[in-house]
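I am attaching a structure below and will ask some questions about it afterwards.
Chain lettering (A, B, C and D) follows the sequence in which the chains are written, and residue indices restart at 1 in each chain.
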Amino acid sequence: MRSMNVGIIGYRFMGKAHSNGWLKAPLFFDLNIKPELKVACGRNREAVEAFAQKWGWQRVETDWKKVVEDPEIDIVDISLPQHLHYEVALAAAANGKHIFCEKPLAHSLQQAEAMLKAAEDNGVLHYLNHNYRRTPAVQLAKQFIDEGKIGRIFHWRGAYQQDWIVDPNFPLTWQLQKETAHAGPQWDLNSHSVDLAHFLVGDIKTVSCLTTNFITERPLPRQGETAFSKGSVNTEKGKVTVEDAALMMVEFENGAIGSFEATRFATGRKNAHTFEIYGSKGSLAFNLERMNELQYFSNDDPDNAQGFRTIMATESSHPYVSHWWPPGHIIGYEHGFVHAVADFMEALDKKETITPNFTDGVRILKVLEAGLASARSGQKVELS
Amino acid sequence: MRSMNVGIIGYRFMGKAHSNGWLKAPLFFDLNIKPELKVACGRNREAVEAFAQKWGWQRVETDWKKVVEDPEIDIVDISLPQHLHYEVALAAAANGKHIFCEKPLAHSLQQAEAMLKAAEDNGVLHYLNHNYRRTPAVQLAKQFIDEGKIGRIFHWRGAYQQDWIVDPNFPLTWQLQKETAHAGPQWDLNSHSVDLAHFLVGDIKTVSCLTTNFITERPLPRQGETAFSKGSVNTEKGKVTVEDAALMMVEFENGAIGSFEATRFATGRKNAHTFEIYGSKGSLAFNLERMNELQYFSNDDPDNAQGFRTIMATESSHPYVSHWWPPGHIIGYEHGFVHAVADFMEALDKKETITPNFTDGVRILKVLEAGLASARSGQKVELS
Amino acid sequence: MRSMNVGIIGYRFMGKAHSNGWLKAPLFFDLNIKPELKVACGRNREAVEAFAQKWGWQRVETDWKKVVEDPEIDIVDISLPQHLHYEVALAAAANGKHIFCEKPLAHSLQQAEAMLKAAEDNGVLHYLNHNYRRTPAVQLAKQFIDEGKIGRIFHWRGAYQQDWIVDPNFPLTWQLQKETAHAGPQWDLNSHSVDLAHFLVGDIKTVSCLTTNFITERPLPRQGETAFSKGSVNTEKGKVTVEDAALMMVEFENGAIGSFEATRFATGRKNAHTFEIYGSKGSLAFNLERMNELQYFSNDDPDNAQGFRTIMATESSHPYVSHWWPPGHIIGYEHGFVHAVADFMEALDKKETITPNFTDGVRILKVLEAGLASARSGQKVELS
Amino acid sequence: MRSMNVGIIGYRFMGKAHSNGWLKAPLFFDLNIKPELKVACGRNREAVEAFAQKWGWQRVETDWKKVVEDPEIDIVDISLPQHLHYEVALAAAANGKHIFCEKPLAHSLQQAEAMLKAAEDNGVLHYLNHNYRRTPAVQLAKQFIDEGKIGRIFHWRGAYQQDWIVDPNFPLTWQLQKETAHAGPQWDLNSHSVDLAHFLVGDIKTVSCLTTNFITERPLPRQGETAFSKGSVNTEKGKVTVEDAALMMVEFENGAIGSFEATRFATGRKNAHTFEIYGSKGSLAFNLERMNELQYFSNDDPDNAQGFRTIMATESSHPYVSHWWPPGHIIGYEHGFVHAVADFMEALDKKETITPNFTDGVRILKVLEAGLASARSGQKVELS
């Protein structure tokens, strides 16, 4: 079996999820090219060494430049916070490395466009990890649409609802500051929703957007605090510089219309990434918290026997499922990463592109930026 | 027992629903003033006589002016299509009749304001039948909000989805023409949603709206055709002059933001009037198709035992329920009308106002008109 | 229009539900024979007079014998507790009255058989009000089965779960004593489940049953106490003499097997009358708390698009629905009584039988008695 | 880090699921003893070598005796069909190997008892892989019960419903023959349900059982056919010698009663392992197809705010979850095996027992055998 060497940059939440993907893909899929977990990179040597040992990365680096310039490395996995993607991606492309990049693509549309150009100019494979596309149920939705089961699409109704900053004492982490995060849920969450809308419905033509802040100041994080730990709170405060919630209304090129709702203030919703699609022949609905299920309504059913049916997307006839377990035995969040790696390795083998990629990332960021502009102006924005 | 005499104008779908309300309210509620079903009015004498006999209306008229001028009549029930409300309401008010009016209030904001002024000037009780407020589950939602269980409200997410004109052969009925309907789902459906949003969240400050048409021409209805009868289709066509779907994004006075989605093109959704409300202490969700249930999430539950709970609003401790059946024995669509009549008669008895009323109707139409203006301009509209 | 005169005996919970049925059936259905609400009967004159006035019963009696012997009366409605059905039904039949009888049929199988014989010998129409059969969703289930959509039936899985006596201070009402109730949920709740199983699956051949008591003594009710009022509790106690819960396993004549679960101790379940039916071609599921919905799974759907679909049984193509409201506008518990009256009047008009009737009641009680015998012996019982 | 060497016997469905467990446990859990994937064993050398290479088992054997006698091996993982467990387990115990055994424990109660004795006599750790116990939601249910949140338990209502042999052309595989399977869903599926009932409710005192066959003859499998492949069917048929479905009613030692339903004929149910538990203070419900969710009803909620709440068991405060992903990011079927390995290694480290083990397996098989006896006799069976 051929193999290719992977260097991963970043070792926190996404490093773990990606490592699991690199490790498991060859176990559950018959890959023609096997990924070798070669180098893990992070600034804290001790931490990255523990990480590497656990996951089987053969060696470590603390300087990402060493990884992207390493002749042994074929694939660079960018598992970093988004404001750090740009520099790494450009260098990786310049060195001819294939790129497996966490979402959202970049800190700004300008960066994203430069990253796309670099990847294309250097002829490397580029993948953007909007992994929810690779859920069997979402792939099945795509199949149904492509087969004409839904007919002409009228409506997209999407939401991505979380609640992790409802508490006013949640600290001012990097996600809440414009310098590091560029924007709030418009960037973090709506990027996922727009990716699925692009995938399932098509290109977006106009955007109207409304953003707001419910809490404008928050305690500064203490040294080393990256998440919320209930307990004593820093009395020093700083200003929240990204939005807390973002709504969008859009027109698609094909005449459908859509709505998006992204928020970190939907008390009780943990990871409620949902969509509804209504068409002339049928409809679909999906909820990431029940990601093994697809709701489907068909106008072709007899008049007195129509209804939304809950398809358990766990049959071997469903996308990806034959690699896993018998019907009714569900898979989870992390499986999307395994599917992504498997498809990435297959694209390398077949010398084909894979989607979503940097092209898609640029399209997504165009929509999101247009949204931010619309929120500022109060006007509908046409996408060029 | 005292009684007051009712004259109903209109005898179709809403005439039936209202008659059932007038008839049943005294059977299930202990009213101090009983409504007498005195006169039913419609232009087709034969039809209205059959209607009157069935429901127990004591006599009939074919000229609505006779009803509003009849000294024997205390209450005028306007069960007509909305473009006919204005003239009747003005005359009824001028004659000192109390008014029980079907929604939406009027064909235009101007009419609505005139109707409100007439009712107030003449000191009559005025009620606007946005009957979904009178569902036990919606009243319970209001209680929870008023008690502080939800805390500060961040989000309203509402939709009213139907699918009755997805078929391009559905004829060009009065609901699809501007002269008779003024607007499409923005008027018909979003009026309900905005009423609930006003009731549960508060006043709206700004509106952005997007409308569209999926089907721009339809077969002309044949003689007497008021609804869809599958079969041969008129080859003569006419232009659809109201929108097929309307989306809105709003800012509330209290800082919450909201989204609305009204459509007749949501294949598979029959009467999906839904809302989600997210607040700092808890959240709520409702679906009219399961109108006996209220979803409630509380931050006060122990950390490891939080979740959306499905409250069956069928306990005697829930609003209105003690008048009906034991726990778990559900009520239906028509019960809202019975509650409305009971509350209307109680308001008459106590010489109090009742809500929603023409004041609310004016507020609702202001929002809806602002929406239509925003859809035309592509700009956010501030409500005065 | 022809009419027939009804005399109702009993004016509490069931009197109210039945009166509503007699009143509304002619309003929503085109009946050839209209029921006249002639006489209401109860032992407490004051109470029955208030009841009669409210519902429009033209006069009252305090002695039921007067009603069953009254030449003016055509139909006797037995809305009494079940231990009082026998004597009234026998007399009503002897006097040639048609009988509309609340369930369960009688206090014992012997009584039930005598009631059936009396009704048949006297040629009167007899109806037993297992009204859940008359839910549109249940009728639709029957249609699907009759059309072969489900194929050969393998499984019935039914339950009727309530929780109204979980509190040990709930008093020892008549429902908890053998003299008045004959049995507990086996009689009260399983009678409904067995009726639906007979209707949808077929005759039962063998029964195994398990009953138990969780609370064996309860406070005696105070004077006039018929239900649970939280507050001070009688310190005098008496023995509970009927079971608290009853499970059954059965074999049907057609080879299907089934399970039944009836309890008043299912904390959180208010009126959870549910069933699942699994067949060789499809499956069905129903829950009375969501009585407008029928779950349906079809093996005929394409392999990758199978799933349980939620049919909103609110289309005009569904049984009974064309008499009510548009799609998605749900009906409630009381509507089953209206349907029962409409069908009863139609049977009278067409001189046909109606089901379920006393024949069905006898079949049901045979199963329930066999269950009680099995619970005592620990052995499977064959039905003759 | 210390490590212990594992030898796995069997490499099909369960070999894959177990290997994934051995591999992932040290990646997601901080284990004091790391399992080394030392030897994989199977009769087909080529197949087992492919398996070993994929999963990282260091070497292979084709004779299981070599594994259980290998001094290098500390842990024997029995991933074989159940009729082969006995001999391997006895030899493994005799050689002092710790045993990680797939369920159900054995082909008969006698075998199970001997296996337990052998394990105990030789002082080895024994674990029986009823892995559904190790779902966060099920562990949370156990916590709630232990904390008294449910109070005194009245009811267990369990089912395990599948539909994989509804097609009469499904071949007569080993699972359908008494010699290899001992029994049908009573063994395969009810063993899981009884395990959870023991875990959550307690010991069972009496059993009544009903079994049946819907299809008595099936095509013989063709050479090498282990599962269903639609297509041409063998015309030679053989007799099905295990039951197609099994129902049980039980009494628990603590006074609760329970029902069980296990079937391979529930069309549309793929892996519907469900339970409901009703107690004096609250209730619980679970469905394996939505295994990240636990339904919980509490009598302690305010009277007008009670309802079944859906707890997403994906919070870091929930059992096992802190090792995985953020809230709302679900896990799947295979994670139970990872938890099992982690707990097994911890038990080895702490020199403690782990449950369920062979003791539990014996208890489970006693119930199941009593059920089969009851089904034959038609009588309730007391467990000794």
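Throughout what follows, a residue touches a chain if its C-beta (ideal position, glycine included) is under 8 Å from a C-beta of that chain, and two chains touch if they have at least 3 such contacts.
Computed from a predicted structure; not experimentally measured.
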item: Pair joined by more contacting C-beta pairs (A-D or A-C); value: A-D
item: Relative to chain C, chain with the most remote C-alpha centre; value: A
item: Geometric centre distance via CA averages, chain C-chain A, whole Å; value: 54
item: Euclidean distance of C-alpha centroids - chain A vs chain D, Å; value: 35
item: Junction residues of chain A - those touching two or more other chains; value: 269, 297, 306-308, 312, 315
item: Partner chain D, residues of chain C touching it in the complex; value: 152, 154-155, 157, 159, 161, 163, 166, 206, 208-210, 212, 214, 245, 247, 249, 251, 255, 257, 259, 261, 263, 265-269, 276, 278-283, 297, 299, 306-308, 378-380
item: Chain D - residues contacting chain B, complex; value: 140, 143-144, 149, 294, 296-298, 301, 303-312, 315, 317-318
item: Chain C-facing residues of chain B, complex; value: 13, 17, 19-20, 23-24, 26-27, 54-55, 162, 164, 269-272, 288-292, 312, 314-315, 324-335
